[in-house]
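Shared between the two complexes below is chain A, which has chain B as its partner in the first and chain C in the second.
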Partner chain A sequence: MLFTSYGFIGFLAVLFVLYYLIPKRFQWILLLLGSYVFYTLASPKYMLYILATTVTTFYAAKYIGRLTVEQKKYIKINKETLTSEEKKTYKAKIKTVQKKWLIGTMLLNFGILAVAKYTNFAIANLNYMFEATGQSFQLSFWNIALPMGISFYTFQSMGYLIDVYRGKYEAQNHLPKFALFVSFFPQLIQGPISRYDDMSKTLYQEHSYDQNTVKRGFQRILWGYFKKVVIADRLLVAVTTIVQAPEVYDGVFVFIGMLLYAYQLYADFTGGIDITIGIAQVFGVQLKENFQQPYFSKNIAEYWRRWHITMGTWFKDYLFYPISVSKPMLKLSKFSRQKFGDAIGKRIPVYLATLIVWFTTGLWHGSSWNFIVWGLMNGIVIILSLEMKPFYEWFHGKFNVQHLWYFKLFQIIRTILLMSSIRMFDTYRNVPLTFKMFGTMFTRFDISDLWNRDLMGFGLSLGDYVILFVCLIVLVLVSTIQTRGSVRDWLSQKSPVFQYAVHYALILALLVFGAYGINYDSSQFIYNQF
Partner chain B sequence: MKELIEILKGLHPDVDFENTTTLIDDQILDSFDIITLITEIDSVFDVQIPAEEIVPERFNSAKALYELIEELLEDN
Partner chain C sequence: MRRKYIWNSLGIIFLLVSLVFLQNLFMPKYASGIVEGGMIETYYDEPKNHDVIFIGDCEVYGNFSPVTLWKEYGIKSFIRGSAQQLIWHSYYLMEETLKYEKPDVIVFNVLSLKYNEPQREAYNRMTLDGMKLSMTKIRAIQASMLEEESLVEYIFPFLRYHTRWNELTQDDFNYLIDKPDLFHNGYYMRVDVNPVTSIPRKRPLPDYSFGENAMSYLDGMVALAKENDVELVLIKAPTIYPVWYDEWDDFITEYADKQGLMYVNLLERADEIGIDFQTDTYDGGLHMNLAGAEKLSRYFGNILVEAFELEDHRNNLEVKGVWSEKVAFYQEMIDSQVAEIERYGHLVSWGNPREEDEEE
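So, the complex of A and B:
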C-alpha cells in the first residue's frame, strides 16, 4: 500500500477516527493492529520475517536485561563479602553470557536480512566468477521477494538490543508493546530508524485529542505529499528519460540529469519522511527528525550529519565506534605508530573504520556493486577532505573569507555538486556506465546542446518546468526559514485567514499540479527499496 | 589531566579545553577526533575506552573524560 494511494489515505482516516474514539488505554493496541494490517496487506508472507525479528530480539533483550539486573542485585547483596577480584570475575562471567546472546541474535537477524537481500547478488557474482574462469556451471537465482522495510526494522531492532546489552536502558517486558516499536507502520516504508529510548516516550502514552498537535501533523503530511507528488514524481519522468537513454543524453544532459536527480531525491525522501513524521504526530507519537536542510551543508561530512540522520547515527554508534575502538584496531594503531610514525599510525584506525562503514552503508542501500562503489566513494571523499583540513585552515587563515556570503554559497554549491556526482552511481545503477557518463560531462560538454536539441524530450512540458522552478524557490525559502526555526510555528502566528489560505493553496497544488494525470502513475518512494 | 589536555590540544590547539564543557554539544569534537583521542589515550594511559562509553556526557569536557579514564584505570 503506497503512501500516495487512495487506499492508504482511507486506511489512515479510519485509524485516525478510531484512535480518538476508543478508550485511551487501547490506543497503542490499535496502532499495533493497524501496523500489522498495513504489513499484511503488503504481503502476508512478509509477516513471518517481521515476527521472527520481533520475537527473537524481544526475548534476547529481556534475558540480557534480566542478567544485568541480577548482577547488580547480587553485587549489592554481597558488597561486604566479595573482594574486588571476585566482583570482576563475576561481572566478566555475566558479560560473556550476555555477549553470546547478543551475537547469536544479531547473527540470526542480520542473517535473515542478508539471505533475503543479498543471496541473488552473491549468486550473480559467483556466476560471473564461474564464467570468467571458463566453467559452464551456473547457479540459478533464488525467487525471493524482499520483505518490506526489512533493512529499517532490522537495524532499529538490533540498535535496541545493543543498547540493552550496553545497559543504556532496561528491556521492554511486554511483547506486544515491543512489537509495536518494531512495526509502527508510518516508519516501515523508509524509516526514520528510531531509538527505543526516544520513541517509547510517546509511543505507549495515552493521547487525548489535541487540535493543535493534530493540525500540525496534517500540515506536515500535506507538505510531504506536496513534495512527493508535485515535485518528485514530476522529476522522475525527466530523470528516467535521461538515465535510460545514455547514448542519446550525454555531455551537458548528464549534468542536467545529475542535478534533477538531486532535486528529485530530496523531494522524494524528505517528502516521505514528512509524511511519516506527520502521521506519527497525528497519533501523538514523536519521531526523530531525519533531515536538517542537508543541501545547505558546506562540506560532505556536514552533509552526512544532516541527511538521513538516523541512519548516519546508527552506523556511527553501532559500527564506526565499535570497530574503531576494538582491540584489534587499537593494536593495529599501536603497531602502525611504531612502524610508520605517529602521523600515519593515528590515521589508520579512523580511515579503515571509515571505509568499512561506508562499504556497509553502500551495501545497506542495495545489493549491487553500484551501491558499494557509491558508499566507498563517499568514504574516500570524506578521507580526502580530512587530509585537506590543514590546507583549508591555512586558506581560511590567510584569506579570511569564511564569513562572506558568496564564499558560503560557493561551499554549498561545491557540496551539492560533489554529492550529486557521487549519486550518479545510484541513478545509472552500473559502475562502468557511471564512470563513462561522468567522463562525457567533460569530454562532450556542449552548452549549445541545450537549445539545439529538444529539452522537452525529457518528457516534461514547459508548464512542468515552470512548476518545478517555482517549487524550487518555495523549497529554498522554506529551508531558509527552517534554519531559524519552525515554519509551522511561524505559520501558527499568522491570522487564521492566512493559515487557511496556505492550507488550501497546498491542497489545490496537490490536486491541480500533482502527478496524478493520465500519463502519470504515482511511484513508489525511492527509499522503499532499501 | 595535563597529559590529556596535551592530547586534546594536539587535535584543536585553539580550544580552551580546561573550561569548555560542550565539546560534543557544540560539535567541537567530531567522530574522527573522538577516535583519534581514544587511540591516543590508549597509547598514553594504556586504557581502552569501550564503544558504549562514547556518549556526550563522557566527552563534553576534559574533566568528564579524565574521570572516565580514572574509572577505567581503577577497573584494570
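So, the complex of A and C:
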C-alpha cells in the first residue's frame, strides 16, 4: 500500500479515529494490528520474514538481558566472597555466552537480509566470473522477493540487540510490544531507523487526543505529501526520460538530469520522512528527525551528518566504532605507526574503517555494483577532504573569506554539485555508463542544446517548470526558516488568516498540481527500494 | 475558544466551497468538440413521465429523434445514450431510470453485447460522470472500472481532472455553472451529409457467442423490466458500421423469443424504412443524420404504437406546452446547422474549424 494511494489515506483515517475512540490501554495494540494489516496488504508472505526477525531478536535480547541482570545479582549477592579476579572471570564467562547469542542472532537476521537481497547479485557476479574464465557453467537466478522495509527493520532490530548486549538499556519483556517497535507501519517504508530507547518513550504510552499535537502531525503530513506528490513525482518522468535514453540525452542534459535527480530525491525522501514523522506524531509517537537541511551543507562530511541522519548514526555506532576499536584494527594501527610513522600510521586504520563503512552503506542501498561504487566514492571524497584540511586551513588563514555570504554560497553549491555527481551512480545504475555520461558533461556540453533539442521533450511542460521553480523557492525559504527553528512554531505565531492562507495554499497546490491519479504512474518512494 | 471554533468552521466551509468551485471548473464541459459526454446529466432536468426510454450507445442517441416521435405519434420519449455505452452502463442507467419513473417501454440497442470487458476510461467517464451520485452509480462504477481506475476518483472527479490545470479553455469558465443546451431529449442532431462509400467486410470471427459478463447484464435488464412491469424492446440500429454478424442476430432473435421480448433488426429493414445511405448519414454509415433519424423514428414509432398501444399526448395541453418548446428549440438548431453549412460548407458547431480558422 503506497503512502500516496487513496487506500492508505483511508486506512490512516480509520486507524486515527479508532485510536482516539478506544480505551487508551489498547492504543498500542491497535497500532500493532494496524502495522500488521499494512504489512500483510503489501504481501502476506513478507510477514514470515518480519516475524522471524521479531521473534529471534526478542528472545535473544531477552536472554542476553537476563544474563546481565543475573550477573549483577550474582555479583551483588557474593560481593563479599568473590575476589576481583573471580568477578572478572565470571563477567567474562557471561559476556562470552552473551556474545554467542548476539553473533548468532545477528548472523541469522543479517543472513535473512543477505539471502533476500543479495543472492541474485552474488549469482550474477559468479556467472560473470564463470564466463570470464571460459566456463560454460551458469547458475540460475532465484525467484526471491525482497520483503518491504527489510533493510530498515533489520537494522533497527539489530541496533536494539546490540544496545541490550552493551547494557545501554534493559530488554523489552513483552513480545507484542517489541513486535510493534519492529513493525510500526509509518517507518516500515523508508525509515527512519529508530532507536528503542528513543521510540519506546512514546510508543507504548497512553495518548489523549491533543488538538495541537494532532494538528502539527497533520501539518507535517501535508508538507510531506506536497514535496512527494507535487515535486518528486512531477520530476520522476523527466529524470526517467533522461536516464533511460543516454544516447539521446548527453552533455548538458546529463547535467540537467543530475540536478533534477538531486531535487527529486530530496523531495521524495524528505517528503516521505515528513509523512512518516507526521503520522507518528498524529498517534502521539515521536520519531527521530532524519534530515537537517542537508543541501545547506558546506562539505560532504557535514552533508552526511545532515542527510539520512539515522542511517549515518547507525553505521557510526554499530559499525565504524566497533571496527575502529577491534583487535585487528588496533594491531593494524600499531603496525602502520611503526612502519610509516605517526602521521601516516594513525590515518590508515581510520581510513580503512571509513572505506569499510561506506562500502557497507553502498551495499545496504542496493545489491549492485553501482551502489558499492557510489558508497566508496563517498568514502574517498571524505578521506580526500580530510587530507585537504591543512590546505583549507592555510587558505582560510590567508584569505579569511569564511564569513562572507558568497563564499558560503559557493561552498553550498560545490557540495550539492559534488554529491549530485556521485549520485549519478544511483541514477544510471551502471558503473561504466555513469563514468561515460559524466564525461559527456564536459566533452559534449553545449548549452544551446537546451533550446535546439527541445527542453520540453522529456515530459515537462512550461507549466511544470514554473511549478518546480516556485516550489524550489518555497523549499529554500522553508529550509532557511528551519535553520532558525521550527517552521510550525513560526507559523503558529502568525495571524489566523495567514495560517489559513498557508494551509489552503498547500492543500490546493497538492490537490491541483499534484502528480497523482490515472495520468501518472504513481511512484513508490525511492528509499523503499533500499 | 468560541472564536477558535468560529475560525475553524469558517476555514472548513471556505475550503469545501473552494473545492466545489475547483471541481466545477476542472470537470470537462463537453460544450464543443466532443459533446457526447454531456448527454447523461441532461436527463435529471426532465419531467419524469416518459412513455419510452431509449438506452444505449451512439446507435440510439444519433439515430432516434424524440421530437419526431412526439410530432408524429404524441410519444414522450428520452434517450439515455452515451458514447460507446457498454451493457453494464446501460443496465445501471436502466436501474436508475426505473427509480425515477416507470415508462411503458424501454428500448435497448444490442450492439454493445459484443463487449464483454471494460474498454476505455474516456467512455466510462462519458457515461458515469454525468450520473447523479447514488448506490446505483457506485455499482455502475465498480462494474465499469479498468484496473488503473479508482472509485474515489469517480466519486470526487476533481481528483481525476485536476491535471487539466494547464489545459483549461474559455468553455471551462463560460460553463462553470450552466451548460449549453445541445441535445433534444438525448438526441444528438446532425444535419450534414457524408455518404457511405464502402461496405465493411465481415471478417470471420473464431467465436460468435457473446461474453458471459455481457449476457449476465442483458439477463439483468430483462429481470429489471419484468420486476417493474416495463416492456423491454431489443433493437439493432440501421447503421453500416460497425459490423453486425448474422450469427449475433440469430442468437438475439432466439434469446428474445425465449424471453418473450420484441426484437427488431432495423438494419435489415433499412430499405423498408426508406433509408438512403447516400443522403441519410453524416459520417459514412456510422450514424444517421437528421433525415435518417427522422425516417427511422417515424418507422419505429409506428411499431411502438401498434405493439404497445402508447397514448397520444398531443391533446394534453400541459404536455403539449412542454413539447412545443422542445420542438421550437429543435427547429432552431436545424436552422442554425443549415445556416452554418450554407456559410462554411460544413458544420462548425461540433468542433469543426471555420474556414477562416483553417486559413490561419
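We take it that the second predicted complex is superposed on the first by the 528 of 530 C-alpha atoms of A that agree within 3 Å, B and C clash if a C-alpha of one lies under 4 Å from a C-alpha of the other, contacts with A are read in each partner's own complex, and residues count from 1 in each chain.
Assume contacts are C-beta pairs under 8 Å (C-beta built on N, C-alpha and C of every residue); 3 or more make two chains touch, one makes a residue touch a chain.
Just so it is clear, the structure is predicted and the values come from calculations on it, not from any experiment.
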{"item": "Room on chain A for both chain B and chain C (clash or fit)", "value": "fit"}
{"item": "Partner chain in contact with A:Leu330 - chain B first, chain C second, else both or neither", "value": "first"}
{"item": "First, second, both or neither for A:Phe320, with chain B first and chain C second", "value": "first"}
{"item": "Which of chain B and chain C A:Asn299 touches, first, second, both or neither", "value": "neither"}
{"item": "First (chain B), second (chain C), both or neither touched by A:Tyr500", "value": "second"}
{"item": "Chain B versus chain C as contact partner of A:Leu508, first or second or both or neither", "value": "second"}
{"item": "Partner chain in contact with A:Lys168 - chain B first, chain C second, else both or neither", "value": "first"}
{"item": "Of chain B and chain C, the chain that contacts the larger number of chain A residues", "value": "B"}
{"item": "CA minimum distance (chain B, chain C), superposed complexes, angstrom", "value": "41"}
{"item": "Chain B and chain C footprints on chain A, overlapping residues", "value": "none"}
{"item": "Of chain B, residues touching chain A in the complex", "value": "30-32, 34-36, 38-40, 42-43, 48-52, 54, 75"}
{"item": "Residues of chain A that touch chain C when the two form their complex", "value": "6, 461, 463, 496, 500, 503-504, 507-508, 511-514, 516-520"}
{"item": "Chain A-touching residues of chain C, taken from the complex the two chains share", "value": "7, 11, 14-15, 18-19, 22, 121, 148-150, 152-153, 158-160, 162-163, 165-166"}
{"item": "Touch list for chain A against partner chain B, complex", "value": "88, 166-168, 301, 316-317, 320-322, 324-325, 327, 330, 333-334, 337, 346, 349-350, 353-354, 386"}
